[in-house]
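Each of the two complexes below includes chain A, the first together with chain B, the second together with chain C.
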Partner chain A sequence: MREDGVYAAMVRRGMTRRTFLRFSAAMAAALSLPAAYGPRIAKALEAAPRVPVIWIRGQACGGNTEALLRAANPTAANLLLEVLSLDYHEELLAVAGADAASPLAGLASRYPNGYYAVLEGSFPTGAAGAYCLIGGRPAVDVAREVATGALLTLAVGSCAVDGGAPAAPGGITEAGGIGKVLTGGNFIALPGCPANPSNLAAVIVHQLVAKETMPTDLAHRPLAFYGNLIHNQCERRPHFEFGEFALEWGDQGAQRGWCLYKLGCKGPETMANCPDVRYGEKISWNVSSGVGCIGCHSPSFWGAMGPAYRRLPSPLPFLPNLTTDLVGGAMVAGIGGVAVAHGVGMTIRFKRYKAQDRRAKAKAAAEAASATETPPTAEPEAAAGTETAAAGTGER
Partner chain B sequence: MAAIPHHVDLNPPSEVTGESIGSMPIYVWEVPVRATHWLIVTSIVVLGATGLYIHAPYLVPSKPVDASSVMASVRFWHEIFAIVFSLSVAFRFYWGFVGNSFASWRQIIPHRREQFYWLGQMAKYYTFRRRHPVPYTGHNHLAGLAYTVVSIGLFAQVLTGLLLFGWIMQAGPIHLLFGWGSAVPGGIQTVRLLHNILTFLFLAFAIHHVYSAVLVDIEERNGVLSSMFSGYKNIKIGQTVEALGLVGEAPEETAREHEVDD
Partner chain C sequence: MVRTVIDPVTRAGSGLRVELDVAGGAISEAWVSGTMFRGLEATLKGRDARDAWLLADRICGTCSGVHALASVRAVEASLGVTIPANARLIRNLLGGTLMVRDHVLGFYQTEGPNWVDLKAAAGADANATAQLAKLQSDRAGSTPEAFKAVRDRLAVVTADGAPGAMGRGWWGHPAYRLSPEQNLLLAAHHFEALDWQRNLMRIHALMGGKDPHPQTYLVGGMAVAAPWGGPKGQTGRDHPKVPDRNAPDALSTEGLLLVEGILAATRSFIDQVYLPDVRVLAKVYGDWAAIGAGIGAYLSGGEFPVDTGEGAARFLPAGRLQAGRLLSPQPVDAKAIGETTVHAWYANPNGDAALDGPATGGATPVWPANLSLPLTTLEGAAKYTWIKAPRYDGLPMETGALARVLVATADGRQEIAASLGALLTDLGLTMEHLPGVLGRTLARAVEADVVSHQAATWLADLRTNLAAGDLAIADVTWWDPSSWKAETDGYSLGEGPRGTVGHWVGIRDGLITSYQVVDGSTWNASPRDDSGGRGPIEAALVGVALADPARPLEALRVIHSFAPCGGCASHVFRPTESTR
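Entry: the complex of A and B
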């Protein structure tokens, strides 16, 4: 056991061995590992050092911090005071003024063994970064400085990952996520609105225990958390398969806990472990609470997953209230209408040609009769059937 | 064919001046063409009905039900017929290279000047500016153009379907090959939107397709409707654009086409 380590800090704060083991088991679960890994994680954590964390917040609502403060297993206290050594976080700092900013000055000399950087919120680059300042400097510059020197950078929350709401269509601050801060790919993305603090803790525990970064997908999201569909883990899934859907908010189906698919749930489109880890001291997540998933763990979800209460976006982005049913239905009805109108036109035209033919034929017959006094030989029926063929011969 | 054959007008003036020439049944649609056609028709009907249910479940019980897994069954049949549909489309595509000249991609995809000329003539017919449809043994080139567009739609529907399947199945061979739905611009929602819109495209096409077939059948009396069952069309020998050598690669090929009429 090391004196400056995670376990020592926990013991100092009066944590029992039992609680510590429970914490380790929770981490194993969050990492999608079998329960047998709990003791191994505990063993590794005993020897692990605490990590200094610098938490930089750009344009954001603070939801990720809120979620962090309501974390369970580990609780916020566990996480902030024992696993991490959260040296800088604007909302949670006790000090103010120049003292508050001191951890940001001379990061390299202050943390010779390195530190982790956590970025929350988006970073605006419009107006030379003036939309969001930290201690009078553009937030994007501060974040770049911190993230470049870090052992590992975590982009926590959708805003930090891809710009989130401030970067959604219509935004004016030219905000972006970690892509505006770091050029390389050495970071872990934990999108979500908010990201789940259990996942954040698990990333760090994994880093401490396994001494390597978690396997991620192409969008830098750890596969352990973002590798399965919400829909495949949802507690309402049996109602989905049984065709039992809530049709309106608060209707009979909703009261029975039926599936929220028809109310626009994006669970079938979203990769996340919300049904497993849940939020608010592990009490609930939105589908449990009776609102569909809005796909907040998906890339650029403000643009890509809207509208929140409809299954699909409008097929024409500039007319957002259209639905595919409306457009498609109109298209099918239109083609049907054209077919009917065309059919009527063709019938009229057919009759006109027939009448024309009859007149011409009568005329020809009259001429023939006057010329040779013999009746025409061709049967009208047969002639009608072969008129197509006849012409080509004549012309060829 | 060097020049567009303006000198040949396949527009019979009237039954008064035309001579009566007999027609005979010609074997046009081979078994694989007819089989894939009807398999595709069946699967489009089933896939359309089940797909629209999956899109917006229209059967919702008013009270809890026991053991009637509607959505599960609908999805099961959607997937079964998706396999039938994909294989039929794939086989018809293959047959476009090995089948007879009427099934060949050469007659379906307009790519030669003559073909565009006759395509324009057919468009004139549909817009009331030409009395008779251009007499074809196989597909007319306007229809060919429509099938080219619809075929792109068919492939897109198979691809988006596989992407959605690879998305739901987070493991396995389909996921390995088609697990990149999230890499499509706009994410998986774009894929679903396309899959949904294409459904309506097929419904619209079905209306047009049946209407035109009935129209041409009445107008030409060549039995195009029954030919999709029997394979035989009633053709006035020597009077079709194919027989006159007005389409196709070379006269030899035109000659070869006519060896199939037995």
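Entry: the complex of A and C
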């Protein structure tokens, strides 16, 4: 047993061997591993040192820090006192000012055995980075520096992954996430608005226990969390199959717990494990509480997945009424195909959205270049935002 | 005179910087700077007015739900929609639990390290601490063993050079005055509060579907539906979900029972731990009642409507108190609110000194050419923040729990007056002691006390309604945008845990064309205005003595007493087509 390790810390706080094993079993469950992995996790934790973590916030609402505080397995108190050595986090540090920021200078010499970086929020590149400063330095520079030297960089929440809300259509700060502002590195992306507390805790413990990065998809998202469509795990799916839909908020269908597809649920196009891990220690998730998915785990969702209450468009443009008609009847055989087609539709739509966004930005840049007086915000950007939004609506 | 820079101001959301001039051991001048700007209002433009609230809520993930509520209310006001009673009660429950959570966690997590020396706690006697805890309440779990475990852990994480969030505190600073045992007591409760809040916020996961950022808000009511046939109508609800007693439907009998249980657990922590801890702190640091009063004028937008319909009275009333006249509340008129960008990084076509109304202003963000990055000091910079300066009739206003409690007391609200009276009597203080650093902490305690009681009443009312067969949760008769007026505007004024929240919205042909937010932190962390009048936090900092200017702990006490949130504070307005 390592004296400075995680297990030692837990014992010092009065954790018994039995509680520790139970904790390990819970972790196995959180990582979707069979129960037999519990003892192995316990063994790995006994030897694991506390991990130094540098947590950098850019343009953040703080929701992902809140998600950390809601983690149950392990709890926030466990994480803060035992598992992590959170050397920098603006919301949680006991000191302030230069004394708080001291670890950011000389990372390599301070952490000879390495450290982990967590990024929360988006990082603006407009106005030379002045839209977001940390200790007077552009947050985007700080993020780059910290991520470059890290053993692993965890981008938590959609803003850190792809720019999120500040980078939504109409955004004026040229904000981006890891894909835009960082070049290379070892990443894990946990998109979601915010990331689910269970996934956040599980990623941290997995890293401690397995000492290797979770298997991810091409977008750096752990397959264990983002490998399955919400629609395929949803408890209301049988109602979808039988054509039983809520048609208005609070109507009979809503009260009976019917499918929310026609009220705009984006579950058929969103890959996430919300129906499984849920929120509030598995107490509920959006659909259980009566509201559709808004696709917040999907790429650039503020632009690509909205409007929130509009029914997903038909995935196959040459069959515009496909979903309504097929789904409306109880043609169970054809439905699997619809779900697959929605996956395809999602990809097509995301590509189309990206192309629009690029065109709008190019146009804005051209107009900005031609304008004589240029405040960094620029009217043309706003016009571009409107165009993107309008194009997005027209498509539906 | 020495310039001291605090950046980052930790535990205050993202992007807060404070610069102080220190002369003769005291702060002679102060500047509060917001260094994070997102421009979320700009991204709202062109969105469907019915789902704008989803993005608006992303202003803050700590006070999650506050901006969702402000946004749906503004759209409801512009469309003339009245929500059903059940929706009002659920909104009150979500907003109320959030407020209680924010106040309690703010005490331990945000303010705690300013008053509690965690390193000194590591030298405490565990038996004596358990005795102290017994004096507070006969709560189970306050054993010497439990305190010893926390103490031993603190010894490790606060050791000199220890890594981690608690390793580099300004421990041993002469301004720390609690005994080792008092330090350990509050430190142990800090960690308990982390678990406590997680349980409390399960109410948001249940009724909001998600936490943070609950998703069941809806223009017209709430989206969380009552079970078919009423709360007991489980058999009628042919929902094929695997039965899970831990995850019932929010408005079923089981769901409401679960909420009741969580509220009761919340209450007992408040009664047995939080309120006694506030008293321990207040008795030792009583002199802080006279420090950091600031401008002494207060604004409350009012919160927790007691009835449906526009202009319904609120449980915590709206009102305004002018400096020096704390007993005569004035009405609040949203039209008297204006914002100036004279010291903020914006360009206003109407002139930077103009006090533009939130619905009509047209400032755009401009980083000044004469400030180079990295920023070392703001000394000499006329413009020094991304936060604009909201003013009421041209004057700065303090908002937050203290403002609400003072307004409610002046308004004669019994619940608040009773809780406040008991606390003040116990501490040997009077109303005159409230404006100041300690008063803000006491006001949060009073509010957490009163609102957590009131939450039980809202839950009981909800139960009664549902049991009586009133299952209405949303009015969506207006849902189709083609039935709306082509041009409509609206606003909402209310209260989040940290202050007055106003949203102003313009809707043209169903889409958002203008959006403006003035948050509680915008008021409190605002810069100077055209007349040179400081913002509330700036004013409160001036004159505060610093025992060790290299470690300005006393300044943090003043700043955190406002519970500021840097991210929430800075906002930009995008002009509508018609005003351009």
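Just so it is clear, the second predicted complex is superposed on the first by the 307 of 396 C-alpha atoms of A that agree within 3 Å, B and C clash if a C-alpha of one lies under 4 Å from a C-alpha of the other, contacts with A are read in each partner's own complex, and residues count from 1 in each chain.
To be clear about the criterion, contacts are C-beta pairs under 8 Å (C-beta built on N, C-alpha and C of every residue); 3 or more make two chains touch, one makes a residue touch a chain.
Just so it is clear, the structure is predicted and the values come from calculations on it, not from any experiment.
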item	value
First (chain B), second (chain C), both or neither touched by A:89	second
Partner chain in contact with A:50 - chain B first, chain C second, else both or neither	second
Partner touching more residues of chain A, whether chain B or chain C	C
Which superposed partner A:287 touches (first chain B, second chain C, both, neither)	second
First (chain B), second (chain C), both or neither touched by A:67	second
Partner chain(s) touched by A:305 [first = chain B, second = chain C, both, neither]	first
Touching partner for A:275 - first (chain B), second (chain C), both, neither	neither
Which of chain B and chain C A:256 touches, first, second, both or neither	both
Partner chain(s) touched by A:177 [first = chain B, second = chain C, both, neither]	neither
Partner chain in contact with A:267 - chain B first, chain C second, else both or neither	neither
Touching both chain C and chain B, counted on chain A across the two superposed complexes	252, 256, 382, 385-386, 388-390
Contacting residues of chain A [partner chain B, same complex]	218-219, 227-229, 231-232, 240-245, 247, 252-253, 256, 261-262, 268-269, 271, 298-300, 304-305, 311-313, 315, 324-325, 327-329, 331-332, 334-336, 339, 342-343, 345-346, 349-350, 353, 356-357, 360-361, 364, 378, 380, 382-396
Residue ranges of chain A touching chain C (in the complex, touch as defined)	9, 12-14, 50, 52, 57-67, 69-72, 75-77, 80-82, 84-87, 89-102, 121-122, 124, 127-139, 164-166, 168-173, 175, 193-194, 235-236, 238-239, 246, 248-250, 252, 254-257, 278-291, 294, 302, 306-310, 375-377, 381-382, 385-386, 388-390
Residues of chain C defined as touching chain A within the complex	5-15, 17, 35-40, 42-48, 50-51, 54-55, 58-62, 64, 109, 113, 118, 145-146, 149-150, 152-153, 156-157, 163-170, 191, 194-195, 197-198, 201-213, 215-216, 218, 220-221, 223-229, 236-242, 244, 246-247, 249-250, 258, 347, 364-367, 371, 373-376, 386, 471-474, 476, 479, 511, 551-552, 556, 565, 567, 572, 574
Chain A-touching residues of chain B, taken from the complex the two chains share	7-23, 55-57, 59-65, 68-72, 74, 126, 128, 131-132, 135, 167-168, 170, 182-183, 186-190, 192-193, 196-197, 199-201, 203-204, 207-208, 211, 215, 219-221, 236, 238-239, 244
